[in-house]
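In the two complexes that follow, subunit A is the common piece, with subunit B as its partner first and subunit C second.
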Partner chain A sequence: MIKIKHVADSQICVIDPITDRLTAANATSFKDEVWQLIDKGEYRLVIDLTGVAFVDSSAIGALVGILKRLGNRGEIVVCGLSGSVDKMFRITRMDRVFPTYPNSAEAAAALSERL
Partner chain B sequence: MSDNIERYPDYIKRVVVADDDCLQRTYISSILKKLGYDPYEADNGICALKLLRDHNAQILICDLDMPGLNGINLARRIRSDPGELYVHILMVTGRNQSEERERALDAGIDDFMAKPVDTASLTARIRSVKRLLLHEKRLAEREDKLRLAKERIESDLNDAANAQRRMLPDQHIRIGQCEFHSAMMASNILAGDMFAYFEIDPGILGFYAIDVAGHGIHASLMSVALGHMLSAEFFRQWAIDKDGDPDPAALVRFLNKKFFRDDSTDYFTMFCGVLDQSRNELHFCQGGYPSAIITGPAGVCTSLGQGGFPVALLTQAEFENQKTYFPPDHFMVLVSDGALEAEDPSGQPFDDDGVKNIITARAHDPASIPDRIIEALSEWRGGSPLDDDLTVVVCERIQA
Partner chain C sequence: MEHIILMQADLDRLNGVLAELTSLVADALSDEKRISFEIAVMEALANAVQHANTPDPAKDIRVTLNISPPQVSVQIVDAGNRAPDDLFKNVPAPHEVNQMSESGRGVPLIHMLADKISFTPGDGGNSLEMIFNRSVPS
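Here is the complex of A and B:
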């Protein structure tokens, strides 16, 4: 379900969930796919939620699950939060757990500065 | 052949033989009898139809040409009224009736036999039908087992849901100087929502609303565990500090520690409050639950809290106390995100505005707000069920 894109000359992987709704219906398979990426050695991740208009509590659980899997091996940031997704991140303080950026280019730039 | 028809159920042995030719009919019947079947003879289509129904027979051997209702029209009549049992139809045709066979297949005939009918071909075909009937029987038995299992599971779930519902407070209840009004609607049979309110100490009330992430059995088990744990005694122990001051964040911090698991992302959101009635002070901790709304007699809505970490999701999450003025004649409304996220058929969420509009319109009658929100959401959803559990709790302060 996910689409990944590697940023040139970096170890940064941009992940697009390719869905406009990340919910109980697909959050677990999304998490599993990102886990596989981490297990293959992708440790610098940008989750691009530009195309996602709605997330529910299961999606938040999945994102934290990804963060737990990654542990201190690398870093995960999110970008492209809009409308209700942005609100969900603020109400649950996920904006303090995940560094957030307006778009994938800025997220990747910030990640590569910290490499 | 080793298969013995005698050991099969009677309905598999019943065969209706429809032919206006008495000789042909008697001949086919005699072969069937030798094979162990029970033939019922009909000299026309109408009579065949009656015999099929009267004896619940599932096999019909019919001639194509019969006066009145011919074989093809007989098949159409049988197929147009699909009862519970499927009737297998074998048609006897002349060697030069290939065009009629096409029409007969369309009408619902299953197989053909050419005249003159011989013992070998009738035996082969009747055995093939018998295999199908036995296969159908096995499928029907399996379906019965599944249906029974499903009924048992649903009955258990309904019992569990009733037990869960009995844990919730009455819809309208007075505690101290407050009237509480509530409504809860599960998106499935079981819900992941839980709430309660009680007097902790004279003049001090405690309340909470919880929404376990996800829905269904998994979420409901956690919500029930929390419902049993979060008592007045528990609030006294964890939500009041050693100096006797309200400290709901301490309670939430305790739950965060207790329910956090390294290997899981099960969590819940919570709004936890302690109300000091004599000081008109509401102390609360927002654990990822939507902001509460406080409203006065004029219907102006004020949101409480800017958010907070969910509970049991992150071990290092910090929880803080907040305080607000909550005087008599005001009321507070808690609504789970099941209401805010509920979308209309075009995908538009009900959102804070949908809730606040109802609160403002019903400020003169807070008791009616929970049911009104449920009603409005059902209209908003255009009749389709909610995707998430829904809780509405109203705490109305009244003059002493």
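Here is the complex of A and C:
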């Protein structure tokens, strides 16, 4: 379900959920796939939600689960929030839990600076 | 105008039913209100599938959408176990839920985003009606 892209000359992995709706219908499988990446040693993650038009609380829960799985081994940031996705992040205050960026390039650059 | 949708208690049906409902209200609600509608209705449908219908997933969830000049209402009736009477009482705001919690935001989102809620738990199923005003009261 997910598509991953490694940023050249870095340890950063950009993850595209490849769905326009991340909800109770698919949030668990999304979380499981990202968990597998973490378990394989991917510790610097950009979740790119540019193509996602809608998320529900299950998606928020999945992102929190990913953050907890990662723990203090690395960092996770989110990018590409718009419309209702941006609203969901604001009203749940997830925009204070996850650093957010306009796009994957800026997110990766910010992560690179902290390596 | 009334629309009735019978939905299987299956998570895979959620996105399709929500897309259908959102399409039906596209011209009735402002963009901002439509976003509230979409989030709240998704949370309610997901709750109906994940919790209330657990004993018998073969029973349909009945969704009734009513569009009238002052408001849009959505009633969701499941056929599951009786939900707690106080499910919608003393509900925290979504941001008051523990930030590291992976669940527990659905009811707070419904409570915050719908303009009015009427919840009736029952032994044969539960009914949740959410109302979304079409204009800001003067």
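By our rule, the second predicted complex is superposed on the first by the 115 of 115 C-alpha atoms of A that agree within 3 Å, B and C clash if a C-alpha of one lies under 4 Å from a C-alpha of the other, contacts with A are read in each partner's own complex, and residues count from 1 in each chain.
By our rule, a contact is a pair of C-beta atoms (placed from the backbone, for glycine too) under 8 Å apart; a residue touches a chain by one contact, two chains touch by 3 or more.
Quick caveat, the model's predicted, so the values are computed rather than measured.
Participant: Would you check which partner chain A:S84 touches, where first means subunit B only, second means subunit C only, and both and neither mean what they say?
Facilitator: After superposition on chain A, A:S84 lies in contact with both partners, subunit B and subunit C.
Participant: Check the residue A:A24 against both partner chains and state whether it touches subunit B (first), subunit C (second), both, or neither.
Facilitator: The answer is both, since A:A24 touches subunit B and subunit C.
Participant: Which touches a greater number of subunit A residues, subunit B or subunit C?
Facilitator: Counted on subunit A, the partner with more touching residues turns out to be C.
Participant: For A:I60, select first, second, both or neither according to whether it touches subunit B, subunit C, the two together, or no partner.
Facilitator: Both partners, subunit B and subunit C.
Participant: Should A:R93 be classified as contacting the first partner (subunit B), the second (subunit C), both, or neither?
Facilitator: both
Participant: Counting only touches as set out at the top, which of subunit B and subunit C does A:N103 meet: first, second, both, neither?
Facilitator: After superposition on chain A, A:N103 lies in contact with neither partner.
Participant: Now for A:S10: first (subunit B), second (subunit C), both, or neither, which partner does it touch?
Facilitator: It touches nothing on subunit B or subunit C.
Participant: Shared contact residues on subunit A for subunit B and subunit C?
Facilitator: On subunit A, the overlap between the subunit B and subunit C contacts is residues 23-24, 54, 56-58, 60-62, 64-65, 68, 84, 91-93, 96-97.
Participant: In the complex formed with subunit B, which residues of subunit A make contact?
Facilitator: For this pair, the touching residues of subunit A are 23-24, 53-54, 56-58, 60-62, 64-65, 68, 84, 90-93, 96-97.
Participant: Within their complex, state which residues of subunit B touch subunit A.
Facilitator: Touching subunit A: residues 211, 213-215, 262, 265-267, 269, 288, 290-291, 306-310, 313-314, 317, 337, 341, 347, 349, 387-388 of subunit B.
Participant: In the complex, go through subunit A and note every residue touching subunit C.
Facilitator: Residue list for subunit A touching subunit C: 21, 23-25, 54, 56-58, 60-62, 64-65, 67-68, 83-84, 87-88, 91-94, 96-97.
Participant: Would you tell me which residues of subunit C are touching subunit A in their complex?
Facilitator: 11-12, 14-15, 18, 35, 38-39, 42-43, 46, 49-50, 94-95, 97, 99-103, 105-106, 109, 112
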